[in-house]
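For reference, the structure I am asking about is given below.
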Amino acid sequence: MSFTVTTCPLVEARAPRADLYDFTVCCPEIARIATPGQFIMVRCGELTLRRPISICDAEGDLLRFVFEVRGAGTAWLAERKVGDILDILGPQGNGFTFDDTSQPAVFVGGGIGIFPLLHACKPFGTQATVLLGFRSADLVSMLEDFQAAGADVRLATDNGTAGHHGLVTDLLRARCDEGPVSAIFACGPKPMLRATAAIAEEWEIPCQLSLEQRMACGIGACLGCAQKIRHPDGTETYAHVCSDGPVFDARVVVW
Amino acid sequence: MSFTVTTCPLVEARAPRADLYDFTVCCPEIARIATPGQFIMVRCGELTLRRPISICDAEGDLLRFVFEVRGAGTAWLAERKVGDILDILGPQGNGFTFDDTSQPAVFVGGGIGIFPLLHACKPFGTQATVLLGFRSADLVSMLEDFQAAGADVRLATDNGTAGHHGLVTDLLRARCDEGPVSAIFACGPKPMLRATAAIAEEWEIPCQLSLEQRMACGIGACLGCAQKIRHPDGTETYAHVCSDGPVFDARVVVW
Amino acid sequence: MVVPNLAVNIAGVTLANPVVTASGTFGFGREYGTLYSLAELGAIAVKGLTLKERPGNAPPRVAETPAGMLNSVGLQNPGVDAFIREELPWLKEQGAVVIANIAGSTIEDYCAMAECLSDTAVDMIELNISCPNVKEGGVAFGTSCDSVAAITAAVRGYCRKPLIVKLSPNVTDIAEIAVTAVDNGADALSLINTLLGMRVDIQTRRPILANNVGGLSGPAVRPIAVRMVWQVHQRVNVPIIGMGGVATWEDAVEMMLAGANAIAVGTALYLDPYAPLKIKQGVADYLDRSGMADVSELVGAVQVY
Amino acid sequence: MVVPNLAVNIAGVTLANPVVTASGTFGFGREYGTLYSLAELGAIAVKGLTLKERPGNAPPRVAETPAGMLNSVGLQNPGVDAFIREELPWLKEQGAVVIANIAGSTIEDYCAMAECLSDTAVDMIELNISCPNVKEGGVAFGTSCDSVAAITAAVRGYCRKPLIVKLSPNVTDIAEIAVTAVDNGADALSLINTLLGMRVDIQTRRPILANNVGGLSGPAVRPIAVRMVWQVHQRVNVPIIGMGGVATWEDAVEMMLAGANAIAVGTALYLDPYAPLKIKQGVADYLDRSGMADVSELVGAVQVY
């Protein structure tokens, strides 16, 4: 565990669609050591709690994160302008672990869960298949980024306004049918993760899930962000999303 | 009582000295009906209570107020930039009342109490003598504004770094010695007001004082801003600075 | 599309909507009444009344706190007779539903006030046994079941208007107090009054309030108020007017889900005098969006774990 | 110029400075210990311990509120033995003064823990009879004088370390409870624990916390904490560790002026992990500017009206 609390300038701020913000900060302390699937805790003015946001990408001194406006904290953050100084804690958590990045891997993302997958799929280059699910076409984002990373990107929307009409897990089944998959990495809403875990189990593919939970400290001290996990001996205990996760092996998660 | 709650753009923002801000908003609803000595209640972000600030000047649609940074609210306000929208309630309170503006009058101001005197002295033109007291030379402000209004402006500082070395009330005594004074109007720290009231009584000059008190509603509803006053029959009750004041006849104030 | 019904019935009195203004925060309505029609409100709980005129406490009487404020106004009011003579007729002319909030230092005071207000046009009487700022504010009555029983039963005997008992949050078990009040004749409950708090100015090393302590209100206390409304709602069968930090329509919906039949707005008025009207509109829109026909469907609808 | 003395004596134990980290907010120090040396702190109150390991409550366990937060962690901890074996030696190596916070569901539990901790290197034992989140958190013990007397006296018999009793703010009269704790053997008091609160998500219409209710902490409660510290300070002669919303050095000074000998920082850590160190420095600078030689000069120095 090695994290810092630091202030850093916002160097790029884009709004790819309404209520979605794509920020890049210059933050060598965090960017240089961040691994895929880790997250940061961002201070939002005087709000009592920092907000957890996934690291979307880290290159050199630059750290990128993308967030949707949901409430007071993300609304405050959305108002920051290039040149403003942000107060960030990170990198935090255990991210994805990769066995062999030369093997085909599938990345399954839903909604705001797609962002950490960019940093994660990059090492796999053209071996990555990225399956993205959204509610509708107007919510689609980041396609070009995944494509630029070399991934085979496929799209599903709940209402059929873009890509496959249906669930992103339909795409996962189809992809598993197509050929070998060495690992599945997923982030998104709980039902999607649960379905992904079931498919992975069915196909006996190692699967890692990035989970969300409400957090206070973000570093393992307050025990706020509990997630029930099952141990090999069958016992169940609470692990913590911020320090034991956010990425868990799909088989240990108790739903 | 006729006030509004309105939003208005900040059209000019100057910082005449460190921690002092001179703001002008375009606010016809308030500017057109404000009378000298009235004040506004300014919303400061999400802070629970609005801050009372005197109207320094009102001309046409423009409303000017000047404030010193003291705590969280004024610090928030100080960060506003030209073009930002402010949320203001006003004009509020009973300001100064003028009998005959062709007669010589003296305006006594100390510290942040000097600002409302500008609007107040203007009708008196060259008949106004404005006595300003500050702790030291670096805190002096608004001199040119008072001079431009035609007033005879005199200065005192506690440490003698500008003008008379001593109290502004020394200047008041001196001015009373010089010749007739039809009325005294004062705003500033309590000890200064009390001394001013004593001098006024000694010289039998009508005297009006603008008082401060911590406020919540600013309009007379919460009864938060009490000020004890003496009635002609000798009884004492609590009046309210926001609605009965902020300007009171010096003789009714119970210290 | 049907317009959702906002009217609520509190102990036989119909409020056009569930938004009340909290006692002591809205005076007798004259000031805010210059901004909007008082008939727009569900009801107005007027400044706490005492039998005789009260001067109130020495200033300073208010202090800001994180997401809240302290007050130690100390029941400054012109006395119940002056209220009946000078304020009530005007309030009724405006079309307001009027809740008379009463406080005293003896049970006899309370009874006398309840009796004389019963012959007036006030719509309801709110027994303030929870003002933390003055001995006469009744907080001594509000913090033990025995005294709540005694005062409620006594006042009930003189009160010919619907009787609301306003509860103090400065107690170990508010539900127990609530049950006692209802068992002894309360037609409705209102909660919460303010929590006793203090601020010290580190420059002067003196309390900011001349009364040393004061009552804490505003968003800071909302989680406590919501919890108490929920606890009380589970135990009583009378309507609840929920208050404590309600500033937005979301807060009002939260309070109603926890068990409030109506809500009151106090401290939030100071940041936004129009808050009650915005809350009313926001609740109406929310019902509409949720396809609900009646605001009462919200009451106590929280689905707990 | 003399450097002001920051050291304070709490029941015979010397804290290098008056800044403590509040139980449950700082784990066992390992996480924040990667940012700064734990020896920089006056003391560390560790996560509430129980006799046996406890899994804690179901998530969600935390929710933000205006200027505060709710938690319903529910005393998740590895049990007192694991603490003694795996955490305490490391903590002492770091040079920390360690306060062991203990909770249980029976008086026997508390006594057993006090006894076995008395044989360890912990510096003080904090009797948590105020955790509102679990039946086993002892809040039932903390809300009546009789049970406070019983548990304090019983634990006193087994405790060979300085005994701190941690008080609940969810009571009608905290000073009475404080006096009872002291009369029955408390060497020091800490206050306040969290206030019971609730939040309801208006979209899902469910409580945000899976435990329905949780403990409110953070700046929102500071005025209540300051008032309680002031009330208790007037009635007891033992040291007080004041907490509840302390986030800045100004807050710490305010709490000490009200009567706290030391202060604890909890919720404020989450916004600024360095808050305790900044508070320590800020208090030192304040003493210096005010020409005070010893931080203890602040304690209870508020000049009330």
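Per-chain numbering from 1; labels A, B, C and D assigned in written order.
One rule holds in what follows: contacts are C-beta pairs under 8 Å (C-beta built on N, C-alpha and C of every residue); 3 or more make two chains touch, one makes a residue touch a chain.
Quantities reported herein were computed from a predicted structural model and do not represent experimental measurements.
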Task: Shortest path length from chain A to chain C (each step joins two touching chains) - done: 2
Task: Distance from chain D to chain C - Cα centre to Cα centre, in angstrom - done: 34
Task: chain A and chain D: spacing of chain centres that average the CA atoms, whole Å - done: 36
TODO: Go ahead and note the Å separation of the Cα centroids belonging to chain A and chain B.
DONE: 56
TODO: Calculate how many whole Å lie between the centre of chain B and the centre of chain D, each centre taken as the average of the chain's C-alpha atoms.
DONE: 46
Open item on the list: Quick check on chain D: which residues sit in contact with 2+ other chains?
Closed with: 58, 65, 67-68, 218-219
TODO: Specify, in ascending order, the residues of chain B that touch 2 or more different other chains.
DONE: none
TODO: Pick one for the touching-chains graph, please: line, ring, star, complete, other.
DONE: line
Open item on the list: Which pairs of chains touch each other in this structure?
Closed with: A-D, B-C, C-D
Task: chain D to chain A touching residues, read off their complex - done: 24-27, 30-32, 34-35, 47, 55-65, 67-69, 71, 73, 76, 208, 218-219, 267, 269-274
Task: Footprint of chain C on chain D - complex, ascending - done: 58, 65-68, 70, 143-144, 170-173, 195-200, 202, 205-207, 210-213, 216, 218-224, 226-227, 230, 245, 250, 253-254, 257-258, 286, 301-305
Task: chain C partner contacts - residues on chain B that touch it in the complex - done: 1-5, 43, 46-50, 89, 213-228, 237-238, 243
